[in-house]
Amino acid sequence: MKQIFEKTKALNDKPFHYCPGCTHGIIHRILGEVIEELDILAKTIGVAPVGCSGFMEQYFNIDFQGGAHGRAPAIATGIKRALPDKVVFTYQGDGDLASIGIAEAIHAAARGEKFTTIFVNNGIYGMTGGQMAPTSLVGQKTATSPMGRDAALAGYPLDIPLIMSTIRGAAYVASVSVDTPQNVLKAKKAIKKAFQVQIEGHGYSFVSVLSTCPTNWGMSPTESLDWLRDNLGTYYTLGELKSPEKTRSV
Amino acid sequence: MEKVIVAGFGGQGVLFVGKLLAYTGMVTNRHVSWIPSYGPEMRGGTANCSVIISEREITSPIVNECTTLIAFNEPSIEKFAPVIEKGGKLLFDASLIHLDKPEAAQYQWNAVPTLPIIEHIGLAKSLNMIMLGAFIKSSTIITLEDIEKGLKEMIGGKRPELIENNMKAIKEGYNWRKWVSTHA
Amino acid sequence: MSNMKKKKDFYVTIDEDLCKGCMICVSVCPTETLSMSKNPNKKGYYPAIQHAPVACIGCNKCALMCPEISIRVFKGQPLHQEAI
Amino acid sequence: MKKYFMKGNEAIAEAAIRANCLMYFGYPITPSTEIIEYMAAKLNKVGGTFVQSESEIAAMFMVFGASGAGKRVMTASSSTGISLKQEGLSYMAANELPALVVNIMRTGPGLGGLGPSQADYFQATKGGGHGDYRLIVLAPSSVQEMADLIMDGFDLADIHRNPVMILADGVLGQMMEPVVFRDAAPVSVDKSWATTGADGRERNVITSYSLQNEAGEKKSLYLEKKYNQIKESEQRFESYLMDDAEYAFVAYGTSARIVKGAVDELREQGHKVGLIRPITLWPFPEKAFQSVLDQVKGYLVVEMSAGQMIEDVKLTVNAKAPVEFYSRQGGITPQHNEIIEKYHSVFQGGGVIA
Amino acid sequence: MKQIFEKTKALNDKPFHYCPGCTHGIIHRILGEVIEELDILAKTIGVAPVGCSGFMEQYFNIDFQGGAHGRAPAIATGIKRALPDKVVFTYQGDGDLASIGIAEAIHAAARGEKFTTIFVNNGIYGMTGGQMAPTSLVGQKTATSPMGRDAALAGYPLDIPLIMSTIRGAAYVASVSVDTPQNVLKAKKAIKKAFQVQIEGHGYSFVSVLSTCPTNWGMSPTESLDWLRDNLGTYYTLGELKSPEKTRSV
Amino acid sequence: MKKYFMKGNEAIAEAAIRANCLMYFGYPITPSTEIIEYMAAKLNKVGGTFVQSESEIAAMFMVFGASGAGKRVMTASSSTGISLKQEGLSYMAANELPALVVNIMRTGPGLGGLGPSQADYFQATKGGGHGDYRLIVLAPSSVQEMADLIMDGFDLADIHRNPVMILADGVLGQMMEPVVFRDAAPVSVDKSWATTGADGRERNVITSYSLQNEAGEKKSLYLEKKYNQIKESEQRFESYLMDDAEYAFVAYGTSARIVKGAVDELREQGHKVGLIRPITLWPFPEKAFQSVLDQVKGYLVVEMSAGQMIEDVKLTVNAKAPVEFYSRQGGITPQHNEIIEKYHSVFQGGGVIA
Amino acid sequence: MSNMKKKKDFYVTIDEDLCKGCMICVSVCPTETLSMSKNPNKKGYYPAIQHAPVACIGCNKCALMCPEISIRVFKGQPLHQEAI
Amino acid sequence: MEKVIVAGFGGQGVLFVGKLLAYTGMVTNRHVSWIPSYGPEMRGGTANCSVIISEREITSPIVNECTTLIAFNEPSIEKFAPVIEKGGKLLFDASLIHLDKPEAAQYQWNAVPTLPIIEHIGLAKSLNMIMLGAFIKSSTIITLEDIEKGLKEMIGGKRPELIENNMKAIKEGYNWRKWVSTHA
């Protein structure tokens, strides 16, 4: 017999600490596969966020830094400027990137920093127990919007990939989801392209990945995938919003 | 003074058992404290809390040595059995956890067969109340009457059926030993 | 040896200890060859099992969606112990 | 009065609402999150305003704006989030804006852990921000006191036009204890300085720059004087069994309640020991020491830090007696028996009657 | 004889501290006129930035607050939430808003805070002596880009009104200039509309005003107006990018 | 060696480049702006990296990343901007990342003024951020010393794997004085801990959380021990005319150079006075006091603040002699004659020979 | 009185002390009626003056562009002292 | 010891005069310091700096009492004339500033007629060097030879014409008194 699906060598054997059914695990896997396929394990440095994935560096067979909530793009800037030949990425939740860290993310894009950001948008603060995120949908019940997000008081969800796509220094911007096997494959393609864009030196590359948080959404993992598809997946722009070819042809 | 650790999965009603114990201590005029473990471990799905019920002012709510451990899963026993004080008690859900008493254990070993009781009373989510009942049986400071008072204080007047169901489970749990033979 | 197998012989293995019983694999499997075990693992989760490897078409969907990377997919016929 | 059973964090939020604080701006962080969640659930119901800010920095400056507009307002966070508020706190103090800021300490430095800690004492009392300013810092040691000090805290902030910090830790924030809420009316102060629109009065301006050094010095001296007055009038502390104590423990917050247990045990064993428990960490309660300076033969400071309050104790005791130290760090709380052992080892069993 | 141009009552007699020819003065004037014309002197509260206009509260006959660099939108949020019936605005430079304070600005927009922001973009840090701003143009020589802004190292200018226009909570977004008398009139109209949008409760309103900094551009005031027109004025999107009517008709 | 005539800020930047610091991340602010401008002009020319960050916070974390990648790196700011770096400094210390951070102090609190100040002493030495950590804090008092201490500072940072702060003020940053640059090679240290890509070695990880309290305590104790070692080995100070001094002034930075003038004048008048000038503010140079504790009858601390370093002086002197205080604030520098007058008034002309 | 003036009589006054001599008014005036004084004001700036009020068409352009708000525009004929 | 304040508009070369004085002190082996006023006042367009040249170590670079004030505009005289020490000197640009000596003034009053000198030497931007020349004339510690050394140190060898022109203006300024009669 022959193994046709095996675990990537970019990940070690440590079991994930995530809740059952949390799709952070899927995103870790495809990220690891991309790093392995591009053969950049020995030259990649990851930057972890603060959030549920704040301990992700335990799982990857690569160098990692982790700093304060929201500051990963600044850290990545420091690393990449120090080591321009290495491959650098940040992995950030929606609280981390869209809320406290939006300045760092936008300015990394504006400067055209040559690293990649994986933005994991589950529309909630998972780590701290399910508070509203800037990406929570109107009406979504969270620990800090117990009656549902009220647009009159808390405003509207921010469409981060859309904003990123308006910024010239961002060379590649894609928005994907991991709700189905097909979409997982698309997500992996986008992440791979983002790394390639970095390696080729085009500028900042950004992939938004819609993800689940069964625990704080108060749903089973499979219900969560459906909710993801029907709600986050319909509100947020999906697809490749910007890529170096397109940019050039403008 | 009772220093109780309640431990298990999130979703098993672990924290509720602890709070109810504490409420009960409060309405029966004891000093009480309750503190959960909090932190990133919650991601893994475990939950536990410590309750102190005492005649004297409580200095530290942190329980480093407990008089009783109420355990709802195996990792909880692994983690907390070592801090049961000499002569203390372990109560655990024997329907989920299949363990034999270690030789060195200097505490009482109470394997509560929750499954037959749950089936008997027909309340699917009553595991935690059954364990609480079992605890009260062994307790020298909390009685069934006390716990009913605590339950009323905690839940309030609005949902009498909740109080009733809980008391039903607690009482069956209180008499858990009669299920041991049937099950063993 | 594997070369000699028919193309449609596939099966999966599931690491019982890694599995958190989320049921995602079960929900995405097009051939309904996966289901949940009745026995909890050490952590107390009820892991997924492949109850009917014969139906498995090796589409990888379960593995692509498993958040714990506990599924491996094989071409060939399962050895008894691997299929649980 | 009704007795509630509440987490310290919940008691803080409930007490704030009862103290007529109807505005909350904040960003979630463990172990203080119950405060923001309680506010999110309750404030809109009572006609108040709740905003989850994009960051701790923004929360601090929303508090700035609302306070400047004349409202009672608060925010809460934990250690790393409080570090982000240091610039804002300096600005609040410089502009003499009253507000309540809660720090439910977790361990540092860096991301640290979520366990309880007392390692932000320096930051709170000496000014983690730039320039000469002070926060009034209140350190509760029970859920009941959390409720009480919140009410006091708002009053102190309004009276002295200065930000007030509640400095507690994860144990106090997360534990549940019985609590009753006083029915005290908030102090009423003149807020005619607030920017509410210059309708029928001179315009009000809230700014903190001084273009000339001369003006800068005047402002500094003014603030210095104000802080000296607060120092004089607002020291708070609990003296526990200090009347005849020959050895004194000094501790606040969570470690103080544990020390109390140790003091009781030592008293039972016949040791003349007591506890000075600072309630205001700034102003540091020098007065608690003054009356016992000649009587106490040694002090044992117990902190959940590498030793921060001990500096203020030493400055106050002024070499009149030895000041010893015991600590646990990184999220561990000290134990009665450890404290008693330390007492014996440093004071060699001193203080036993007969 | 009859006076056909007089100074607005919203301003007092104190002479401005700005450099000769600095157009902060023009923007102050039209802002004051709008406040006077809308008859909201007694109910308007301004929030000053940190920058050359950090002392602007000296000149206006209205209540004012001034906080830290970049935080004006957070302060304004606090004020407006405290006093929903009052009119609140921030006045911010490009360093203040586009650099250190971009998170606060974007999130005020996302929440749909009902105040108005006047964003004075002179493509440079005036106050601190002419360093590069996120809005400095590629090639522009500044104290921190002495050889001209190099896109490869410092990235591309951020088009703030463009970003603002992608955010749903921003009800009104306009981009104007004060390089000619006609444009000054247009700028005033935009500011007036922004205040009206606030007063009518539509959401956040934002006016970007292109402005000069003769001192740090190293040009005479009149040369500066030309440079403004030919450079900032051609790079940045001008016009009304979004308004409540348009929003509704979408 | 060539003598340059430079602003203190320029000397800092030039010395950093000569100390092989080829990476600068920063955000402009008066009165430190010449540093970033010098770096912007020079670094690209010498093959270095200059990035103007979007904020002080971002600058701090860019420094974090670059330091973690094994490079010598620095940033600079002033007071209000330094407050924004407090979270980052705590993270740097927790992760044991070496770097140089310059604070050219202006007046606070709040926006304050641009004049010189020494009111960020507490923030720098006691930790303005959360948790138990320390910065090594160096206080130059001339343009020459700014250059010298920058070179030392990078070495200290690398040796102890800890952020180092240069604490100076607007006067020292803005004034020009002659300066020469030492041709010292940077200390060479092992940076195999850096995240440079796990090529042929175990992966390196730089993080600062501790999921378990036990791990948290271990980390805390480790840091405490490290800081104690630094305390033991790195105290620096200048003792000026202290050999036979009966009264000692204590001052650092700008106020120290002014006090020196006052000491000279008093000596000319026959007063046995001297100056202890701390160069390391942390670790505080207790050793400077030890040898003179029995000889000195009184101390006069001179600061441009409401009194911050005086606490460390008192803790060190430990009531062996009175510790008096003189200050100017808000951007004003003290004058020789004021200092002399204060000396006379508090020590009643004590110390005159015959 | 002002009602009696012809429509095309306009003039401006410039506050000499406020003026910073930026020349913007001079550059935007369509009728070239403004110029710079040869005498510095107290602050040392050379202020603008209206040397030929007769040509002024009261278009307000100068006033709209003056950063110091030092220009007032009048309909009517200048009193001598106001026109400098 | 000379403690000089140089004050005027930005753009008049005020800071340059100060720096040149300090360079001169340095190359002639004196202790020197130079410090500008810095801060938001710069917006208003004023600029000033303080220079100390001394045989002894300089303790404070801040000049609260100056030996000489070199003033380029009227506000500078208003602001700094009060800090000229008794017996000190004021030098000012008499072509721009028209002022009479106040009765109370206890310092020397030097009204330097710069315009005729500028016209004479034909160097439009030499105002500041002329004033510097006038200062040297009155100085007991800086000579014309010193200043030439300073100029060379500061400007370096690359631009000899600059040194030449500056020296020309300085020398005319040095002899400013001969222009007073013509102008008065």
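A, B, C, D, E, F, G and H label the chains in the order they appear, each numbered from 1.
Here is the rule we use: a contact is a pair of C-beta atoms (placed from the backbone, for glycine too) under 8 Å apart; a residue touches a chain by one contact, two chains touch by 3 or more.
For clarity, every value in this text was computed on a predicted model and none was experimentally measured.
Chemist: Would you pick out the chains that touch chain F and also touch chain G?
Modeler: E, H
Chemist: To reach chain G from chain B by way of touching chains, what is the minimum number of steps?
Modeler: 3
Chemist: Need the most distant chain from chain D, centre defined as the mean of C-alpha atoms.
Modeler: In terms of C-alpha centroids, the chain at the greatest distance from chain D is G.
Chemist: I want to compare two interfaces, G-H and B-D. Which one has more contacting C-beta pairs?
Modeler: Looking at G-H and B-D side by side, B-D shows more C-beta contacts.
Chemist: Centre to centre, by mean C-alpha position, how many angstrom separate chain C and chain H?
Modeler: Centre separation, chain C to chain H: 89 Å.
Chemist: Mind checking the centre-to-centre distance between chain A and chain E? Centres are C-alpha means, answer in whole Å.
Modeler: 34
Chemist: Measuring from the mean C-alpha position of chain A to the mean C-alpha position of chain F, what distance in angstrom results?
Modeler: 40
Chemist: Could you tell me the distance, in whole angstrom, between the mean C-alpha positions of chain C and chain D?
Modeler: Whole-Å distance between the two chain centres: 56.
Chemist: Can you list the chain A residues in contact with two or more other chains?
Modeler: Expected reply: 18-20, 54-55, 66, 68, 99-100, 102-103, 107, 111, 127, 129, 134, 154.
Chemist: Can you list the residues of chain D that touch 2 or more other chains?
Modeler: Those would be 30, 51, 54-55, 80, 87, 91, 110-111, 113, 115, 207-209, 211.
Chemist: Quick check: what residues of chain B touch more than one other chain, meaning two or more?
Modeler: Residue numbers touching two or more other chains: 39-40, 45.
Chemist: Which residues of chain C touch chain B in their complex?
Modeler: Checking each residue of chain C against chain B gives 40, 42-44.
Chemist: What does chain F use to touch chain A in their complex?
Modeler: Residue list for chain F touching chain A: 23, 25, 49, 51, 53-55, 57-71, 73, 87-88, 91, 195-200, 203-209, 211.
Chemist: Under the definition above, what is the set of chain A residues touching chain F in their complex?
Modeler: Contact set of chain A toward chain F: 41-45, 47-48, 54-55, 57, 60-68, 71, 74-83, 86, 103-104, 107, 111.
Chemist: Quick check: in the complex, which residue numbers of chain D touch chain B?
Modeler: 3, 5, 30-31, 113-115, 170-171, 174-178, 254, 257-262, 264, 333, 335-336
Chemist: Which part of chain H faces chain F closely enough to touch in the complex?
Modeler: Touching chain F from chain H are residues 19, 22-23, 26, 32-36, 38-40, 57-62, 64, 153-154.
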